[in-house]
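Letters A, B and C name the chains as they come in the text, with residue numbers starting at 1 for each one.
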């Protein structure tokens, strides 16, 4: 592997009352790669994403490990370093497009913020660039959209706006936090394809957080399977579905029989598998 | 969220004592009540006794003071400390009488509206809405203009204006209580409605009423002070903090202390009622903690 | 959509005003029997009283009295002040600008202070500064404008005499103004020295009036800002790497303004109510000060005029707040 773009090493975090949130999580991503972060809710996948972005809630503290972006340590980095990296080199596609846009500002103003502030474009140049970005995410009638308020757009349109915003400054890493889970199934597929296409065109690495193996199969190169804050399996997507090594991964795959169809309903994982997994994690922790 | 766990032996009273603001407010008000009740005994001088030879003596720590007049004298040579102590009487009378009357009126209507619902509720709630759309200052100007000055007008004005504060909150609380299971079971047991209202519901609404009452007393003290400041409360023969402040305002360039002491007394009293109310809110209702 | 809301409010305003008129009429006439009894000088003869009764139409039945009275009001005839022996309308209109300017200045101060404090407290979240601000705020909330006004008189007027403690202007000053809106006119005609002079007189009463409102605005605004700071779009803006101050002002502020504004409307009416006593303390020649004299003199025609003037001000304030809320809320504007 070339010099890693994102290098998470031995990351551990716990809540104020001592509960482990992350346990010795390591993860490597090269430039332009799409890495899936899979697990059920509460497995710690969102915490990893938030740790990279520096927005972990106060109640959770990182007690060990490091997060390096292109060689720069992010944990404990001065605010100025983070402000410079965030938005320009690292961007986020959020989970819920209904709440991620400011209801009282026009789309144009929200989309041009970064362009003007971070890229130093003039107001008109930023607007023109924003219009092109909207075209890139397959939105038509872009002038009207730039003048619109969020409540005038549908969920799918808003998610496209947010994707355009994430790609605006050509970041090297995008964190996609379940970007399709709030959308209906037909829109989900389009959005996934869109992210995949833009990612290839811009050669952007994407850390894709999801609970849906179907999504992983469709979009990711590598995958990390998380359970209860710990990594249970880390491999290529290809390998994962052919030879799932871990009992929990197998159960996860089995719970989603049609992984070629993102969004298909999940079957619950049996308690025995969960108990087995916990046991194996304990054994790993003890060794 | 983990709530603070109280030992079972520690009752409501203990919790109030633990709340520093409630403690400060409560103790200060007890002290005031003591002053007001024993005013003739503890006041060093007759509050009305004028002596023009002794006018505008500064408080004892200032040059030119007289140890017989701890806080000095006013423009007519009356002892400030004695007047201050006697004036506490009017403030407390208004605070308690007006506060409790407004509380009784508002609470009764609020209980009825919340418990009986339907047209009783509609009627009372509309009345409160209309009442509250009328700015209090206008109502008090009109009331005092019509009733004339005097202690009774002050009290009537406060009750007429402020009963809505109690009514609104008590109605909401009662409504919430009425939906709880214990009321249902009391109904199934065949208890009379009035008994349920006063024996079952009222005790649960009581903490809120107490908080409101404490805050209302602070408001009443201020309203009385304002009206006596402009000369619309009791006659000027009776010492009041508001009246003393007005006198102090007149001689402010010659004798600042005439204004300072009644102003400080008023300030502390208002603060005490307020802190008591806030403290009670915290001590009595963990759900209200923010 | 929005024009229907506005129409609703206008109708409500008219109803409220009529309600106030009725209450004034009823209170003054019905409660203690006879308004003439309050008007007459001691020692007036029975014939004088009867004369007055006829003059004020008090010998007519009550419903007829009301129609006569309301017609007079609609025609702008509020009668003559009993104590000042001038037309009520002229007296009130001459004094209203002073009160409006004082209340307006106080509102501006309250909003500036309140919003500024809320922003600082939001930026200082979780640090000692936030605790300090909360505590001071709680104290300010507990103390009414009456006490603040007197504290200012004492401290800034007497103990450290930097500001005048009474009046609106120095009476020795030769004013070259056409209207009674001294501050506004001086400002727009470029007499900045006079503006400064007026402000030295107005600043203490204005701040005294503003403090309680500022504390309320600060508390509510801080709550709204901190809630807005947790919204996804604010988190996203943080991830875009914008500074905290920029995020508070640009992302959170607008959405926090609407709840604060509707509250400010109600609270501003209390502030205007507070002008009555604060004007008295500073001998400021507005309608509040005049109202107290009118009550002391039991000058019923003047009281009626003043109460209606206050009521109109309150109604206009609420209308203005409704309008601004509509302008600031894109959903209402477009919906």
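Methods note: contacts are C-beta pairs under 8 Å (C-beta built on N, C-alpha and C of every residue); 3 or more make two chains touch, one makes a residue touch a chain.
If you're wondering where the values come from, they're calculated on a predicted model, not measured in any experiment.
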Discussion item. Chains as vertices, touching pairs as edges: which of line, ring, star, complete or other describes this one?
Written reply: line
Worksheet item: Once you count every C-beta pair in contact for both, which comes out on top, B-C or A-C?
Response: B-C
Worksheet item: Approximately how many whole Å separate the CA-defined centres of chain A and chain B?
Response: 58
Worksheet item: Which integer distance in Å separates the CA centroid of chain B from that of chain C?
Response: 25
Worksheet, complete the sentence: Rounded to the nearest Å, the gap separating the Cα centres of chain A and chain C is 53
Discussion item. Quick check on the complex: what are the chain A residues that touch chain C?
Written reply: 53, 55, 58, 82-88, 90-92, 94-96, 99-105, 110, 113-114, 117-118, 149, 151-152, 162
Worksheet item: In the complex of these two chains, what residues of chain C are touching chain B?
Response: 16, 19-20, 23-24, 27-28, 31-32, 138-139, 142-144, 146-147, 150-151, 153-154, 157-159, 165, 269-270, 272-274, 276-277, 280-281, 291-292, 294-296, 298, 300, 303, 306-307, 310-311, 314
Response to the item:
Touching chain C in the complex, chain B uses residues 130, 133-138, 141-149, 218, 222, 225-226, 229-232, 245, 249, 252-253, 256, 259-260, 263, 266-267, 270-271, 274-275, 278
Worksheet item: Of all residues in chain C, which touch chain A in the complex?
Response: 126, 231-243, 250-251, 254-255, 328-331, 334
